[in-house]
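In the two complexes below, subunit A is the common chain; its partner is subunit B in one and subunit C in the other.
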Partner chain A sequence: MSRLQLRLGLVLVALVAVMALVSVFWTPFDALYNTSFPRLRPPEWPNVLGTDRLGRDVFSRLLVGAQSCLVVGVISVGIATLLGVPAGIVTAQLPKAASEVVMRATDVAQAFPALLLAILLAGVFGGGTVTAMVAIGLAAVPQFIRIARAGALSVLASDYVLAARSCGSSRLTIARTHVLPNIAPLVGVQASVTFAMAILAEAALSYLGLGTQPPTPSWGSMLKDAQSVWYGSPLQAVWPGIAIALAVLGFNLLGDGLRDLLDPKLREVT
Partner chain B sequence: MSLLRVRDLTVAFGRRPPVVRGISFDVEPGQRVGLIGESGCGKTVTSLAVMGLLPDNARISGSIRLGDVEVVGSSDRAMSELRGDELTMIFQEPMTALDPTMRCGRQVAEVLRLHSTAAPGAARERVLVMLGEVGFADPERIANSFPHELSGGQRQRVVTAMALINSPDLVICDEPTTALDVTVQATVLKLLDRVLASQNAACLFISHDLAVVSELCSDVLVMLDGEIVERGTASGIFTDAQHPYTKGLVATSRLDLVEPGSRLPLVEDFYAGAER
Partner chain C sequence: MIATVARRLGVFALSLVGASLAIFIICQALPGDPARILLGDGASAEQIAAKAHELGTDRPAIVRYLTWVAGMLRGDFGTSYASGVAVSGLIGPTLPVTGALAGFSLLVSVVIALPFGMLAALRRRRWEGVAVSAVAQVGMAIPAFWAGILLSILFGVVWRVLPPNGYIPLTTDPIGWARSLALPVLALALVQAAVLVRYVRSAFIDVLSEDYYRTARAVGWSRWGALLRHGVRNASLSLVTVLGLQLASILVGAIVIEQVFVLPGLGSLLLTYVRQKDVMVIQGVVMLLVLAVLLINALVEVSYVLIDPRLRTAER
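Up next, the complex of A and B:
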């Protein structure tokens, strides 16, 4: 079961990645400014998924939308990992009282929704892809602190860390050579789940007009555009909706599959 | 001057009563001292205190001098310069004392790298020689193996190589053979004996097994409830034990003296307080 999940997840993630990569070099039509087609055309050749309300090719826009989805995912997960993991490892080594203070602070931070943070940041710095990425990344930092701290605590209590200390390793060396590699699987799983969350958040922000700005297509803003023509051409909302759903599903399955694969208790004997 | 000089060492955790109560002993350069006692009597706490590796909630008083360095109250940074170089420790559980994500050769090399400035190539060479010294016929393969690919005895030898690669003056062995089966135990003990002798390292050997200690050590300290109740040479303890607890230990380790068909002796036959 877990292998199937993992494979399906990988296939879906690969599909998004291929869409994004292909769109960098080639799209059937210009996704931004080519308005030469009839508006709101139903799917028919050469517009395989039809055209939007400005007469742009929906398939081309869907391909380019995969780019912003991936970029936002990678950067925001990157921000969360780079800030959260070192912070978590450091927190694990703090004295108990200080560690508790940090953890309660992350609890408070975690209670603050990513979308609200993004709206706050957008209010201060203006909406846009960068604001969205930073907001989504920052909102995910507490989860990474928790995961990294929990993992680091169990690694730090292990015999091999005691053995390393008895051989003279400093705290920094232990964090780098023992803690980091041993918590990498945990962080990997968290990253792939956060990636799915980031895609969803980016779509939501773009839908609200706080994420990717027009004319650059993103799946969220395509949904928003489709809303105004919902009664006439409902298919407009279906394509980006399916794309978001499949991408999120893909990363969630990947995360679950990875977790099952790495959890010896759940692993099937093969 | 003694290599290790412990005076009135008392260790307590939190608000609980002390687990090590005012013990004193010396280890001379090259001397092998066995520290025996039952589980929970404070053997491991004593060894961790000497290493400066006790957890933060431990309260330590007394003095531990390693050469001319006072360990009690010494900073972690100062201690980590000594650990792995002048004193090291071999742990009880070979199955968990190695990092599962790192190849064995690199783990041994890491210890070498921490205390010397050897070039990577030379370090690798030194690691392979050391792995050969602890009895591996194919050091290259062992160095490239992950811990899960090795057996318990092999891992314990890798751990031994880690502990001894910097030619320490003092090696603390915390029940290094307890987790191994009897035949592997004998091999590892012989190996320890040989390597300690070749490096002329002193050893504080912790065990609950008098037979194992007497094989390796010249002197024995008997620990009970956080105190040293008897000390003497290994042969002296066997022939002329004074404390009833020690007499019990000696009796239980000499199964060859038990008449076939009769009941095996228990420590409790000699010392009523042992069972609690």
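Up next, the complex of A and C:
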């Protein structure tokens, strides 16, 4: 079961990556400015998924949309990992009282879901891809702190860390050579699940007009456009949604599959 | 028990202070002087100074923060810079809309998730259980707003059985109100139910391996009977935690769903003023939403003690 999940997840994630990569070099038609086709055309050759309300090729826009999805995901997960993991490892080594303060702070921070933080930041700094990425990344930091801290605590309690310490290894060396490699798989699982969350958040923000800005296509903003033409062309509201769902499903399955591989005991439960 | 509740209340109060400080500091970063923006380029320095004094923006940040917090404690969220309207007056009418949307969505998602989650746990090695898990996995990947758009197209445009969007207040027409909320609630609830099913399933799988469940089966309870009689209360401890998290994500999901269905809720209010960059309204609404999330978290922790008598005496 978990192997199947992992494989399916990998296939879906690879599909999105290939879409994004291909669209960098080639799309059937220009996705941004080619408005030469009849508007709201149903799926027919050469527009395999039809055209949008400005007469642009939907399939081309769907391919380019994969770029926004991946870029936002990579950057926001990157922000969360780079800030959260070191902070978590440091927190694990703090005295109990200080550690408690940090954990309570992450509790408060978790009361700001990604979307709410993104809307708040958009209200202050203006909406856009950068605001969205920063907000989604920051909102995920508390979870990474928790995961890294919990993992680091169990590693730090182990005999080999005691041995390393008695040999005179510094805290930094121990963090780098013992803690980090041992918690990396946990962080990987969290990164995969956060990636899925980031795709959903980016889509929602773009749908609200606070994420990726036109004319750059994003799956969320394509759904927004589709909503204004649903009487004439309801299929426009189907394709970007399927793309989002497959991408999110891929990263969720990847995360679940990885977790099961790492912890066979959990296989029965999750 | 009282000590647990008191400690939890203290943490809640501290969290509120932390959250309000964070919101206030972020909102202070807004570029430009509100008085200058309101009056435009033609205003003289004296006019801008007078306006700033009127808005209170010429006072030190700490004074403005304390004024804001003190006002909120009395239910006064300040005055919108742009429109001059009291923020609480803007928020008031939106609360029943968002409250009903979030409340019913949570209820419907539980009603869907509980039986399916239990089925998935009981039949986890049969095709029914695997099918429920697979559907839940796919459901989790669907953005609620896309579900909303599809439901709106299908039920509102193609089959014309429910209004595709819009809102009718309860006091105007109760049936129209229920019809206008049906699709938004369903859109939010279906997606949340998919998340919930997974937790219900794993909570009940835990129950299935417990001694008390085996004993109940041995003395003649049926599988479902034993689960309902002994499983639900034991499983609810972990489920209440999830429900708390769910309600928080439903509140945020409601912001987007309100846009899909053009509902005049808290989310629509927030987004309108985000576009106008009206700090007073933004910080008021965000504070209210964060307050709701923190309050739910606090209630969840207190409810542990009510659900599980063992925790009343044991030190946590």
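Definition applied: the second predicted complex is superposed on the first by the 264 of 270 C-alpha atoms of A that agree within 3 Å, B and C clash if a C-alpha of one lies under 4 Å from a C-alpha of the other, contacts with A are read in each partner's own complex, and residues count from 1 in each chain.
One rule holds for everything that comes next: contacts are C-beta pairs under 8 Å (C-beta built on N, C-alpha and C of every residue); 3 or more make two chains touch, one makes a residue touch a chain.
Just so you know, these numbers come straight off a predicted model, no measurement behind them.
Under the clash rule set out above, the superposition-derived model of subunit A with subunit B and subunit C shows the two partners fitting side by side.
When both complexes are overlaid on chain A, the residue A:125 reaches subunit C alone and has no touch with subunit B. In the superposition on chain A, A:112 contacts subunit C only, with no contact to subunit B.
In the superposition on chain A, contact is made by A:227 with subunit C only, not with subunit B. Contacts of A:182 after superposition on the shared chain: subunit B is touched, whereas subunit C is not. Legend: residue contacts after superposition of the two complexes on their common chain; A:172 is shown touching neither subunit B nor subunit C.
By the touch criterion stated above, A:204 is placed in contact with subunit C alone, subunit B being left untouched.
Once both structures are fitted onto chain A, a short way to say it is that subunit B and subunit C open up an angle of 100° at subunit A, using Cα centres and rounding to the nearest 10.
When the two structures are aligned on the shared chain, A:95 is found in touch with subunit B, with no touch to subunit C. After overlaying the two complexes on the shared chain, residue contacts for A:245 are found with subunit C alone; subunit B is out of touch. If you count the residues of subunit A touched by subunit B and by subunit C, you find the higher number for C.
Think of it this way: put the two complexes on top of each other by chain A, and the tightest Cα contact between subunit B and subunit C is 18 Å.
Across the two superposed structures, the residue set of subunit A contacted by subunit B and also by subunit C is empty. The residues of subunit A lying in touch with subunit C in their complex are 104-105, 107-109, 111-113, 115-116, 119-127, 196, 200, 203-204, 207-208, 210, 220, 223, 226-227, 230-231, 234, 237-238, 240-241, 244-249, 252-253, 256, 268-270. Per the touch definition, subunit B reaches subunit A in the complex via residues 51, 53, 56, 76-77, 80-85, 88-89, 91, 93, 96-102, 110-111, 114-115, 159, 162-163.
Looking at the complex, you find that subunit A touches subunit B at residues 95, 158-160, 162-171, 173, 177-178, 181-182, 184. Those residues of subunit C that touch subunit A in the shared complex are 11, 14-15, 18-19, 22-23, 26-27, 29-30, 137-138, 140-143, 145-146, 149-150, 152-153, 157-158, 198, 202, 205-206, 248-249, 252, 255-256, 259-260, 270-271, 273-274, 277, 279, 282, 286, 289-290, 293-294, 297.
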